[in-house]
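Here subunit A shows up in two complexes: once beside subunit B, once beside subunit C.
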Partner chain A sequence: MTRTQPGLPGRAWHPVASSADVVLRHVFQGRLLGRELAVWRADDGYVNVWENRCLHRGVRLSIAVNDGRELKCQYHGWRYSNRTAECTYIPAHPADAPARTICNRTFPVVERHGLVWTTLEHDRPEDLPVLPERGSQLPLRAVTVAAPAADVVGALRSYDADDDLRLASESDLLLRFDGASGPGLTLLVQPSDATTCVVRGVLHGVDEADPDVSRLTLLRLHNRALNRLRARVESEVGPLEPGNDEPELELVPEELAELPPATRPGRSASLRVRVERKWSAGVDVAGFALAPLTGHLPVAQPGAHVDVHLPNGCVRQYSVVNAPGEDDRYVLGVKREPESRGGSACLHDTVREGDVLALSEPRNNFPLRRDAEHTLLVAGGIGVTPLLAMAQTLAHHGLDHELHYFAQTEDHLAFHDRLAALGDSVRRHCGLDVAATTARLREILAGHAPGRQVYLCGPGPMIEAAREIAAECGWPVEKVHFEYFQNGQEIDKDSSFEVDLARSCLTVQVPPGQTILEAVREAGVTMPSSCEQGACGTCIARVIEGEPVHQDVYLNEAEKASGEAIMTCVSRSASPRLVLDL
Partner chain B sequence: MITLFDYELSSDCYQARLALAVLGLHYSRVDVEFYPGREHETEWFTELSPLQQLPVLRDEHTTLYDAQAILVYLAARHDATGTWLPRRDPVLVGEVTQWLGLSRALASSAGAARLHESLGHVTDVTAARARAHTLLRTLDEHLWFGEQEGRSWLCAADHPTIADLAVFPDVALSEEGGVSRIDYPAVRRWTDRVKRIDGFVPRSGLFPGGSAAAPWPR
Partner chain C sequence: MPTPPCTDPVVLNLWHPLSAVAETAAGQDHTTTLLEEQIGYAWSPDAGARAWRTGATQHQLPTLVRYGYIWTSLGTPPKDLFSIPEYDEPDRRNMNASTIGVHVSAPRAIENFLDMAHFPFVHTDVLGSEPHTEVVEYDVDVSAERDEVLATRCRMFQPKASASSSAGAEVEYVYRVPHPYCSILYKTSGDDPGRKDVIAVFLQPVDQEHVRAHLLLSVLDDAHEDKEIRNFQQSIFGQDKPILENQFPKRLPLDPRSETPIRADKSAVAYRRWLSGKGITYGVIPAGR
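Moving on, here comes the complex of A and B:
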């Protein structure tokens, strides 16, 4: 699709704001070729250029709250992440992780010459005009003119700020003036829509040491000249009926109009990352910062994990430690397991900085509610990783929480810097034996009250103990959320049964020794999976009919008793036939 | 005890509520139904406010019926810091008064367009909008050069004054009258700053602001 106006040259990239316009914790409202843009800078400095509407009810995101890491729509509180514009939280569905497909429209961004540039056409090379970089550059105050771009370009040819400037060249809505003795000037016309444009200027070669010509004097001189020009052009053109440049409606992209391509069965690893940094994050804990080879990483919501495909062929799941808005890399914490089956040993001993790894996209089967009056996070050892992501989120949103962290010694506490940043909400419990740990858990979990939620992650026996104690203390099961590292149970694979896939209109036999997941994939039905041992929750399926035999550690007792869901990687059927919503 | 005779949707009344809030003053509200009841034209209200203007402020034995007069009075009487109306600084007093004048011009342009749209007031809305845009252009230029000089507020002080409170309502609500602020980026940044003033209260049609930047932990 081309988005050029009739009679205008076809440069794809245009300035839409000056860098100084995009201050922290603000959303700049921009416009280019009839399309409104929300332009905002995250606290890490990254500038986002997005379509100016919330996906939910179309409210302008230029009135959203920029909290430094995300934009929060003012209407129903949907949150969109820095860089990718993926929705990270929907307050009306507090228990659910928003699907990755809920993603606002983003436009490419380049910040250069004191201006923010974008293009409405994806995959266009950066055809930014190169501005002279001799001396220092000084962006002028932008002036909006209610006239078509062509008229404004015409008027700018006789731009008369001072006698020193001489028009040197003109192309693509750009006029370059040389200064005979003073600074040169580039004037750019940003076509906002058919009847409005913005004139942006950059002075180059400004001599900051010259006391006679101060920055402010120059800015005021050119502002007066541009105001004169605007008055002249607007009176010549006369009042214009706005809105005759409705943005062209794009065709539905092919990838959405067609059936998705058949994916290969098995675990997918669509991301390629480079180990940007590897460090000791605590005793026996290696920290990894993984940066994308190209583009942006999909956002990891708090509680999410990724599959890491290792050079030795192993695939392991690790929780992402990232705080909200920290989207330029994934941070993982990997504990060296003494009885490693190849995962942690490989990451500790073989993988080095600079290595490239394949990852799955992050999945969130351990989502964090943000509607609790108080949230308890209870971590054992390396189980701190997802809870650290949650604690950082709750802290950023100013929500009441405590992170209880059990470890062997102070030195075993991982991610000291992040813990320190969380301040008083972190309670460290070091060197406790089983009995003391149980007693401490009893103290922590004693305060059940409505409006509280608890999240547990750690070694199996600790989670078991905490869940039992929580039940004794009166916590309803739906308020006790947990994630196991692995499924320690012996899996019985001896039964055989039939599975009907209701959506796919298929019946498959599951013989002894095969899992439902394997049988379903063999029949050609795509099914996501991750840990494949009944711990992570990725391969969940809804049960329509039949009696599942649960062998996972993902579902809680109530969910297991209801018989409405099954983990297809380990669980089986007690009835001869199981009907699944697949 | 301070009493404010108030109408929720009036931007003049909102100026008074803002001033009372940032000064941390307790007051009681009396609702006057401007629309549709036209209660401001009743005999009892005309006695309070002969020009039938809202809001009216009563403090002890004083009764005032003009929004800008109320701001000046509240700051002069109740602001111990002396910053909201810097009486000792002649330049600032002049500047404050100048911007109070602009707030009236906004009321008769952006404000009139808003009343036209929301309460069906009869007005030449095209002329009102054009006038509002002229004022906003001036305001944007003033605020942009202010940022260049390291100034965040309307007056040449390192703190807000009643001028900011007086100009804010009709600017922040202009879009209800069909006056977009897309072309006034410095004005948009200034409205963010006003929303972060300690004690700021929102009103219907206005969202509260987010918090200011904090260091980025790594």
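Moving on, here comes the complex of A and C:
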């Protein structure tokens, strides 16, 4: 009995599937050098090659649901994004945006010659063999052989389906044959594991015009020849113990192994994007499509925003409009603010297609729960951007929802194409004055029942009104989710107090004119932040002791009353000392 | 004598189930596999249970008859098995719902039994349904005195919690893991909200990656035939089986960094630590191997 370990052959890239294997909404199970792979194509055409294992409980992703945009694990419904394999939703905790970057293992992919290629070595450059492109190419049906790669290559040297082929060259699990009169052939041996291979062939120079040689005839001819070869090799090699070469599983990052969520990153601008497209998405609204300069963008969950670092030095937050599976770019909608302090004016007037911008990673402080029976989304003006992302997600999951969109005129409604795609779930409310808006909100919010939730985003006065009406209509505070664009309140910075950082064992003084966030950072403690005006929720800290004075618009009334959390960028302390879980 | 295939002293000294008494033809010899060894066993109303390694009929293995099953051990077992006091209540119906072979390790099967988050996805429209997917905070305790993992206040919305329920309701569960390969759950009874139905899984480790799962029911239900109650539990188990058989690796990895737990997995985290603390090596991939 021969037993050759395949080891790592010279060539790093191997075929693992035929393009025909990754059909619509299917997940193909492949195997390379003992490692199982889940291979699937998203509806946008991108082919993913991932470790065949959900990071949560090790269930094979080849039995997951491919919904065209994401893979949904069969066991607990975790969703993983096209391209990056980032987890986008954990149904057991619908209120949490997965704060930690849970990401399945991906492998590089190239689709060429009718085959899907990958490598298990990340730092290896593309070393795909060049196959002759003369005439048209025809991939053969793959044949699995229960024998080590060396034995299969040995047998393939004398491969001949019809006395027409002659071995021209051989290298690295690849044999090339010239055809005396017909097409040439390249045979590739995919080492599945120590004792199993897949033989894949590509015919080249197939003459499509020749009526005597149909594609089907060729496929049958080679399929029969390869099956004969398989029978011969397997009988020569004899029965083998199944390959006991289980690959080492990569450990998950330490922060994922523990139950408490890890800290989130600080105000950063780690992404570089190019303005791929800029267009008028509605009156005074500029649409931006931002594509990565290299690699993939981290997934933006519905409700997430990015910090955009502008050429003029301003940093502004914009919600990401993307639908699930729309992973190759971020789409933002920017309203021109008449009293712009430099953010929207710069984006409208200065930034052009082709410009490069720095962005933070997307952050989600306005996560969408997907465990409600009905979700109301109420948008005012440009507040539609996060709610559009939510509506597209709910529509994609088949969850009941309505998107109410208030705007000055029909022309002010932004993202017509996306609204149209959402169909009947969109209700447009145009040209209403304050009284009429209030009356309409009253109608919309009248039907509170258990199992319903509402998400609000729009101008401050509209959110205030909607929250009051919701409370009058009997909506519990925890079912009313909201996000303000900005904090319209006057921020009082006059007090002075002391802050104890319990985890860092530090005490800092916060003098008048300074924020807690600034004082904490001065003391050398890293704190994440984004809008720094009490609207986005990024710089939240848990209060262990003391009495916060809330000046933010992120926490709801119940959360403020409980005194358990504080927005460190604007809020202060009524007690001389505040103890924070930092 | 050749060395036994299982060398884990913790597992060798445990009691392991072999068969439901009700399904064992009285007075006849039967064989089954336990820890990779062929085991013979027999039972009769008069003589009780006997068990032996096949080929060594002279040497009797210790036996117990508990909860309707024959148990044996390949080492030196404790005097008695963990207790399920409800089993002896006179108005309960006790039965073996099924014995099903599953290509998975025993600890993976226990984790599946403890898990509620999969109900909407695996037991769709029976034990759970989308969008009711949230697993609310529950309590987990490892009792040093009783040496068992206990999860309480486990609540989940269920469209159809048992054979006797017709409408959806929030159901409360309590889980116990008193034995590395056995677990018991208590859930609000459809017939008597003040009391709880008991469902237990006793896993017979055939080898490190195969089990026979014996499912005990001890329920308060006067309305349904045995067959209906069994069918319900069997169809539930049939939904779990393909998921369990597609878990990789099949042995339960005890290194905390091998998989990604979330808050809903608190009981599984406690169970893995408890196994690590016992020094178990059979059916698991020990941490820092």
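The rule we apply is simple: the second predicted complex is superposed on the first by the 553 of 582 C-alpha atoms of A that agree within 3 Å, B and C clash if a C-alpha of one lies under 4 Å from a C-alpha of the other, contacts with A are read in each partner's own complex, and residues count from 1 in each chain.
Keep in mind that, in the parts below, a contact is a pair of C-beta atoms (placed from the backbone, for glycine too) under 8 Å apart; a residue touches a chain by one contact, two chains touch by 3 or more.
Remember, it's a predicted structure, so these values are computed and weren't measured experimentally.
Residue contacts after overlaying the shared chain place A:74 against subunit B and subunit C alike. In the superposition on chain A, A:53 contacts subunit C only, with no contact to subunit B. In the superposed model, A:63 makes contact with both subunit B and subunit C.
In the superposition on chain A, A:219 makes contact with subunit B only, not with subunit C. Residue contacts after overlaying the shared chain place A:94 against subunit C, while subunit B stays out of touching range.
Touch criterion not met for A:150: it reaches neither subunit B nor subunit C.
Once chain A of one complex is fitted onto chain A of the other, the partner contacts of A:102 are limited to subunit C, with no touch recorded for subunit B.
By the document's definition of touching, of the two partners only subunit C reaches A:254; subunit B does not. Contacts of A:371 after superposition: subunit C is touched, whereas subunit B is not reached. Subunit A residues in contact with subunit B (one complex) as well as with subunit C (other complex) are 36, 63, 74. By the touch criterion stated above, subunit A contacts subunit C in their complex at residues 36, 52-53, 55-60, 63, 74-77, 90-95, 102, 246, 249, 251-254, 256-259, 370-373, 399.
Across the complex, subunit A meets subunit B through its residues 17, 20-21, 23-26, 28-31, 36, 43-44, 62-63, 65-68, 72, 74, 141-142, 144, 196, 198, 215-216, 219-220, 223, 323, 417-418, 421. Residues 111, 117-118, 120-122, 130-135, 242-243, 246-249, 253, 255-266, 269 of subunit C are the ones that touch subunit A when the two sit in their complex.
For subunit B in complex with subunit A, the touching residues are 141, 144-145, 147-149, 181-183, 185, 188-189, 192, 207, 209-218.
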